[in-house]
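Look for chain A in each of the two complexes below; its partner is chain B in the first and chain C in the second.
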Partner chain A sequence: MTIRVHREPGVETLAWALIAPAMTVVLGLGLYPLLYSLWISVERVDLLGGAPGFAGLANYTLLLGDPLVLLAIWHTLYFTVVSISVQSVLGLGIALVLNERFLGRGILRALVFLPWAMPTVANAALWSWIYHPSFGVLSTVLYKLGLVSAPVQWLATPYLAMNMVILADTWKVTPFYAIMFLAALQGIPEELYEAAAIDGAGPFRRCLAITLPLLAPMFLVVLVVRTMEALRVFDVIYVLTGGGPGGGTTVLGWVAYLQAFQNLDFSVGAAAANLMVIGSLIIAWCYARVLRRSAFPEN
Partner chain B sequence: MVGARRGRARIGLFIGVATILLWTLLPFYWMLATSLAPQRSLIHFPINLYPHNLDLSRFRVIFFGAGLDLPGIDVAGVAAEFRHGLVNSLLIASTTSVIGLLLGGLAGYAFARLRFRLRRPMLLLAICIQMLPPIATVIPLYFMLSHLGLLNSRPGLIVVYCANSVVYVLWLMSTYYRSIPLELEEAARVDGCTRFGALLRVVLPLARPGLVATGLLVFITAWNEFTYALILVNDPVAKTAPVLLTEFSTQFQIDYGMTMTAATLVALPPVLLAFIFQRYIVRGLTAGAVKG
Partner chain C sequence: MAGMITRRSLGASGLAYGATAAVARAATSPKPAKLVALVSDTYGPWISKFGRDWTETSGIPVEVISQAYDQTYSKIVASLAGGSPFDIVIVDCVWTSAFATAKFLRPLTAEISPFAVQLIPAAINERKVDGQIYAMPLTSDGKFFYYNSELLQKGGYGAPPETWEELGQMSRAMQQKGIVKHGIVWAWKQAEGLMCDYTLLTAGMKGSIQDANGAWHFQEGGGLDALKFMVSQLKEGVADPASLSLNDRQIVDSFDGGSVAFMLSWSFAFSIANNPASSPVAGKVKMALVPGFAAAGTTSSTVTGGSGLGVTTSSKVPHLAWDLIRFVSDRRHELDVMSFRTNMPVWKSLYNDPAMIKAFPHIQQMAKQFDYAVWRPNLPKYAQISSILQREIHSALSGESMPERALAAALTQIKAVT
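== the complex of A and B ==
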């Protein structure tokens, strides 16, 4: 007599049946386009004529030899680093305030979250109106406060323009930081603070020794999500500045769009887009290393 | 001493709260105030910080197609397209949410509870693909949709959005499924349910809050999406509201009154949803992060 080991029948089949539709969509409209894009970028696919054929890495070297593209890479990094730094600090500040006890805290938490839900384009259009060179409300308010004597050309000065784009982006996405940090703050046990207070630590010291270290894991998660989003910045540039003035806000995503859909040079556009993917991969890999090290510090 | 310090802390907190409130609300206020301000009051410096008399004509143009005379721009034409764009956006975002929840919800269960070959590599692959920037896939997708005859159509956009939302859904839902006690499922199976039956009758009903949160996040993301919509659709029949919002302009200048009216209308659904369902949405956002 044999004892049959009871094996769950068909789990493997069920699992594959459940994931098949989702994975088909993901592979067909995610992986396949990526490979397709790699192929386009080493081919010559130019709707404006030009002989089709294998181009090798010519499109990439063409891009990397263009000072405007190098500038775009610099702008992308600048946007990413500055916006994330500013937004982290603001988000942390807002989260710390929202974590205090005060009248109307519930309603303030609900309101603070709302800019996050704004469509990026609506937000960009709103800020382009706020920054308007002749009738902008930002200039008006500064004028009424006596800080400027005439409307400021916020988006017509290259250096200023990029920072104004960052400000517009900051208004929309800071709530995301605040909400995530607040969730992490709420997870810190009150006893830790009480114990520290008994040991004589002031509020500043308590923040430094308890709040910030315990916030670190959530901070890393937010950093990963936001870096990926910031590197691909496009919508807000499209509406606010169109890459201008004088290329002052030209980012990598804008270069890809311009090459592919304005100049109809799909190969160079795809190459620019792939540069973004490669950049994201490198950064994701770095973060993964840091995450692993912080999760298993003894290794 | 302590009293004074506490008093100072209260004042500091009050200033913080007031600043946050103004910072959050003033841009919203300005968008709405502009949409309601008479055209003439929008074109002089320094501009009125509040409208002296309210003008609803822009909303009337968009909703009822009433005429509005502005030199050099076919406002009524763009307004009619925009109205149609709102319908398109609603159809596309809700269809995407339903399909995304269905596909991602089922796959998420497999990743959460079932052991199968290639489970981890598949999950990793899906997450990596999810991280691709839209601009990186939009060029090949443009060719693919063009070959399939789906360029400039709502189904084309829905298919692309589904691909983007599925991984997000399966990730969020798999963390949600794990929070449901395994015993409940086992009890159902002891009572004669198949695994799939237990998923349908026990797990999915219990996962409803997770499904709501995820569905809302997908809806808001799809409603707000711009890059794909801009590039893959160039026909008023299928254009979405966010894209049309940028078209209230002549070659030389933007009609900010109409643009702000359109922005208000495009922003209203996601902002309202975020306000009403905040608890669900925040839980969804943070749940996705904890496992990351």
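== the complex of A and C ==
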């Protein structure tokens, strides 16, 4: 039996009226720049010469034909996959611990969230001091532990620098995973665990059979949000390495910045930025297809 | 007789023009709320001070916005391309061509030409693009060689090295004696400072980045030898390995720590290193000629720097902006400027001024260094070219790539964009 809801006249109008201000802000501050950026990416807007005009997809083919841009795309994917993998595992671990009852849990939950409250630039500046090649505290700690004999040059070689950038980002961002997973964990009824325990399931089996499947919808949300953010990474690289060393941390966001603000070629910069948008959309669509099926099997 | 121009009609029309012009000027250019200047942080403090002095006579407040050098270029580009209301921007010598081509700056040829001959040639030539002058020179600068005299004395050396080969020997000897951890600290982070050092060393090896016809030469001869020398500095341990992550401003802190004997840096380093309030090595830091290469038979080499102030095309009061620039760059202020940061004046007469020499004896040492100065290419696409070279050179320095391959790769990329 379907239930028809009797709506009073004017409720719908009121609904639209109430969301109109938010819609204006979203459309004005979000949609307009996005469309403008798409527009200049198919034009030629180069402040250092080059006749202005319509360029079609020329800017995109220029980028995708440049091996350094392809390398930047690889760096971006590496950053995204590694950070999300590490952060998911850490975040889930922290959430599982914070879900247990122990003394000081409330304070610890607040403290764990503190790095998330820092601006990304402040976080990057903090880590640039931790990684300082002569006075950095990370080298000092390892030295005192006897693991190294001289200060480590964390940001001097490409591969190591990329992983150090991931570490700096992880410290700031993992609380987000922890809080989201904790919220989801708290929604799982205790009775399920008790029933499973009665049926003879050990803690590991309970985790696999109950916790992870019920966490999947939240995991999808976190994955989509964090993938978008990781693909867009810029400020931590700007402050820590400036795209170096030897171009080792140059990601697509950095390419967009260089093209626009160093080379004064705004259309190619916009094209690079839009490549990130397109990439994010494709990945989000894939996530929705794959994970929604497993998260919401009855649909 | 109807159309004849008579003296009376000329006079009348002249009066009319003058009257309308005055009215128009009064109507269209009211006093601005303030003038805004965008500069880098080694210039901010004293431009602010002179700005305040100017405000006392003009009645218009001056706002000075400053940030680190490495962030200034992109901030200027983002602001001016977006139409931000800056009246004055700092123009580093290598930015002049790009800013002029992108139409960020008004030509100041008419304002500067009357006294251009009183400025040192290096300062005025670097501000010219297609025959027009785009910025008022403010400072002339170069990379200078600093050494810690106390550490050298401990090592038994009475004088600083005259060649890079000698520096290597001195460093190794002092390292063995435990007097220093490393001989020299360089500013070899992937940033503009790296390009400056490379240019300077290429000149020392009798090479060049580009010739007068625009052909590129950095990938061979002196340019290749310079990169090989830089790689050997790190490999042999003469240079502090931290050099790969430090920029021009940061190495001064490392040098001030007292565990490194030599440093190459700009003029601002002199005042910072000798400031007793913040530097542990104050009073021990001396300047000498940048070493040459015995292998190439050169005495010394350095690269020019220095900045000027330009008036933006978006400024609504260019005449007031120019007035402030003229005030700030006046030679009477040079002594004040020197107390904030030690640099080379742009006015010829100041080099022989007794008061200047008495207050700042190093000025003659710096002038001597300028006899061996080379310029970085002043091209519209300089930022992109420099970025390509920085990346490839840094690859070679960190061992990711061989010097020949790195420079060959840079050449291919540079040719593709120029």
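Keep in mind that, in the parts below, the second predicted complex is superposed on the first by the 268 of 299 C-alpha atoms of A that agree within 3 Å, B and C clash if a C-alpha of one lies under 4 Å from a C-alpha of the other, contacts with A are read in each partner's own complex, and residues count from 1 in each chain.
Keep in mind that, in the parts below, a contact is a pair of C-beta atoms (placed from the backbone, for glycine too) under 8 Å apart; a residue touches a chain by one contact, two chains touch by 3 or more.
This is a predicted model, so every value here is computed, not measured.
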**OP:** Give one of first, second, both or neither to describe whether A:Ile73 is in contact with chain B, with chain C, with both, or with none.
**Re:** neither
**OP:** Using the touch definition from the top, say if A:Phe266 reaches chain B (first), chain C (second), both or neither.
**Re:** both
Original post:
Is A:Gly242 contacted by the first partner chain B, the second partner chain C, both or neither?
Top reply: second
Original post:
After lining up the shared chain so the two structures overlap, which partner does A:Pro151 touch, if you call chain B first and chain C second: first, second, both or neither?
Top reply: both
**OP:** Once the structures are superposed on A, label A:Ala55 by its partner contacts, choosing first (chain B), second (chain C), both or neither.
**Re:** neither
Original post:
Is A:Tyr257 contacted by the first partner chain B, the second partner chain C, both or neither?
Top reply: both
**OP:** Check whether chain B or chain C contacts more residues of chain A in the superposed model.
**Re:** B
Original post:
Now for A:Ser134: first (chain B), second (chain C), both, or neither, which partner does it touch?
Top reply: both
Original post:
Taking the contacts chain A makes with chain B in one complex and with chain C in the other, which residues are shared?
Top reply: 132, 134, 151, 257, 260-261, 266
Original post:
Which residues of chain A touch chain C in the complex?
Top reply: 47-49, 68, 131-134, 150-151, 153-158, 241-248, 257-258, 260-264, 266
Original post:
Residues of chain A touching chain B in their complex?
Top reply: 8, 11-12, 14-16, 18-19, 21-23, 25-34, 36-37, 40, 93-94, 97-98, 100, 102, 104, 108-122, 125-130, 132, 134-137, 139-141, 143-144, 151, 171, 175-176, 179-180, 183, 218, 221-222, 224-225, 228, 231-232, 234-235, 238-239, 253, 256-257, 260-261, 266, 269-270, 273-274, 276-277, 280, 284
Original post:
Can you list the residues on chain C that touch chain A in the complex?
Top reply: 70, 73-74, 77-78, 81, 98, 101-103, 189-191, 240-242, 244-246, 254, 257, 380-381, 383-384, 387, 390-392, 394-395, 397-401, 413, 417
Original post:
Can you list the residues on chain B that touch chain A in the complex?
Top reply: 13-14, 16-17, 20-21, 23-25, 27-28, 30-31, 34, 42-47, 49, 103-104, 106-107, 109-111, 114-117, 119, 122, 125-126, 129-141, 143-144, 159-160, 162-163, 166-167, 170, 195-196, 220, 223-224, 226-227, 230-231, 242-243, 245-246, 254, 256, 259-260, 262-263, 266-267, 270-271, 273-275, 278, 282, 285-286, 289-290, 292
